[in-house]
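Naming follows writing order (A, B and C), and every chain is counted from residue 1.
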């Protein structure tokens, strides 16, 4: 059952192996050995770190390595484009180091794949039953490596992998693999960073040129500025950053000059060589195309994650004539079960959504179901995190209740014996302020 | 002694009951001009088709340019044809909607890449530099056959096959086409295998084999 | 010249050479795809229109006086309710709502006729605040009316050449009422033929204090089904009729579904016959070109390359036919919707994809059989002329 869920991961791992085998045709043995070893080591390392340290640490390591390799891909992409146009670029003459590359590359890829796969398993808690999958995982990885080695010659025809396209495909597949877990995903944080960056830039810019909010700027202009604040900017900006390296690598292959055939007297010979070179070039585009598909799949999976959220339907609450809302500590819902409980309060035609949550340190907190930045799409709860539906930011449960950033806006409350007491009017005011300011900048001055 | 380009042993071809080619042994050295003579139905066209990779023998071995043609599937034969063989037919088979130039470029397309300048040069070599843009319907029989020759040699084949290439031409055109072939052969050094039933045409070759009822009956070598 | 450009060139030459047959194929493909597109467009726009019409009611319950009848249709004016006046009492409705405990947005309407330039025109008294909430699709040119002002429907404005800012004098039972027109409203429905003024003003002008002709209610979806709540409200309003608006929509949706089914059948028949005529034409072409195909194979073209040439030819035909079909389809759809349904067709670029897809698929499927014979053709036999 646990392994059924892992099938996509295994497929990716298999593809990864096929690619590595294809990328270092002379060193199939070293590739299979190091990548399988790396995989096992990755699983073991993850297990060890997750048991000894908070789970944040291995996750952080995987994320930073993935981020780093993505940056490396950017560097390689730019360099290979440069090389294909200027011909000689000493940094990429790695031919001498091929054995080392094969070893380190497949080892690192295996390590990451192992870590990511291990992360997908239910967290170990010391019992043997939970521990068993972690033992089986390296075995499955090794089995798949054996299968991949025997299949490699048959499955993929003579599509050659250039070093840069190999790197692109490996990184893409690892990113695809890691996009399955919302805590490891990179695309959504990337687009969120772009969105926030633009947001801050526009803010700073507006302040620096001393344009007060409404005085000179007409509503139409707000419409355009509002666009810069929207999710779209983040999404498209993220897309550009996400896909450019692969496209650059493909472009580099495309721009590589055809071989010189002037020395041959026979026209037929010349044409034959040129046609073969063009065909070969097309074949070399296959792996970047595969990488592109993997990148797209990762971005898709990240935008529509298959994670299940705890997202309760808001319960309607009413206020006493004195304007106080009481939510009992026990009763219909158990407030202190560590889960988010959403409520809906209506005053006239105003609706306020808020939630109550006991954070891991055991304190109750009451917050609006909206933050000070995004459109009020609300939050969902995943393991140890809240997720903002609009910008897909993850908020650790410890920090819920603190103001700022994409955190939900906290609401003052009094905690008494019978439950949580809220002031209806301040709740409505807080909602109005938050929602007004966020919708104004989002939808352009309306 | 030049190397052997066509090497056939026990070559047989039958269409159902009919045996078009009885076991035949043949070897042709590179650069030779071989004429194949015989009445219609004597199996000479069948021999040509087999050697040109258009058809597969029923039995026997056949090696052309060192390639074993028996082990190839249909697409493998097609690849063999486009790189090794140029064929000239009796009816000047040209694509009716393409100009002379484009007909030549079509052969380039199947071989590797179309190259207009090279195709133009080839047509100039066969004396059609001024009829590049004409369609086959606007060309005389001799001119059409010259387009076919340009098309057949454009990919620098090692083997040029002619299936009655002069069969539909009058005397002067025939001489012209054969002169042209001789001239091109001296430049390009390809081997010619030409099927004909005309003794005069056959006499242009270095060697003539006579066929009858699918059998090689006589062989005569030109004495210089 | 690259191989791809040469391939396209070759195909164009071939298509131009057999001009008549090419045109025939294009016409067949264009006809089939245009018909499919047009039918798709018509049913799409009709679906949207019915949905719009349903949405126009914004409200999901309507409270009417017992004797009046609810007229829902495509904008036909009904004077039935006016010749036989029956009214709801505003306070009764309010109290019924409170008693039944139904929390709902509501808008109260009073409809009547006033004389204007020797003609009876329909006027409606409303609360504009409620209107803005319940009928948000109203497009208003000008401003929302203040006291002593009114808005006029666009059709009515056109009929009497009324402009915003103008003052109109209406004759009622209580003498003349002067109203300044603050704006012109377009809703695409019945409202375009009405004049709207503030409810209390119309009530006093018609001497119908506290009377209403319709109350529309928008009941939130959560909490119990609409029908039970309609029944609940009915208990408290014995003299009125509480109707679900969705009931009305359901009949038109059913009709639409039948029309769509019919269209689908017609489309299938058209596509099948077009496909078979493509097959016929393509087979003849392949038969005629067999010598040429054999020649190409003899020159060294593999079976797959030949297949590619013919598939590309079919594809290009399909694209051209689909493009033409889309344009033609837009025209047909517009014609059908205007002449039959008296509405404008919804033309969206997505239908271009549909049209291209249908045409290309038809061309490729239709030439599947001929292409197989291209694949299997023996060069030796075809060159010999067999």
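Note that a contact is a pair of C-beta atoms (placed from the backbone, for glycine too) under 8 Å apart; a residue touches a chain by one contact, two chains touch by 3 or more.
Just so you know, these numbers come straight off a predicted model, no measurement behind them.
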Seminar exercise, completed: In terms of mean CA position, the chain most removed from chain A is B
For this session: Decide which interface, B-C or A-B, involves more C-beta pairs in contact, and give its chain pair.
Result: B-C
Exercise. Of all the chains, which has the CA centre nearest the overall CA centre?
Worked result: A
Exercise. Distance-wise, how many Å sit between the C-alpha centres of chain A and chain C, to the nearest whole number?
Worked result: 41
Exercise. What whole-Å value do you get for the distance between chain A and chain B if each is reduced to the mean of its CA atoms?
Worked result: 64
Problem set entry | Distance from the mean Cα position of chain C to that of chain B, given in whole angstrom | 67
Exercise. In chain C, which residues are in touch with two or more of the other chains?
Worked result: 2-3
For this session: Would you give the residues of chain B that are in contact with at least 2 other chains, written as numbers and ranges?
Result: 83, 111, 113, 115, 155
For this session: Would you mind listing the residues of chain A that make contact with two or more other chains?
Result: 275, 278
Exercise. Hey, which residues of chain A end up touching chain B in the complex?
Worked result: 266-269, 271-272, 274-276, 278
For this session: Within their complex, state which residues of chain B touch chain A.
Result: 83, 108, 111-113, 115, 118, 121, 154-156
Problem set entry | Interfacial residue positions of chain B with respect to chain C in the complex | 49, 52, 54-55, 74-75, 78-79, 81-83, 85, 87, 89, 93-98, 102, 105-107, 109-111, 113-116, 151, 155
Exercise. What does chain C use to touch chain B in their complex?
Worked result: 1-3, 6-7, 9-10, 13-14, 16-17, 291-292, 295-305, 379-380, 383
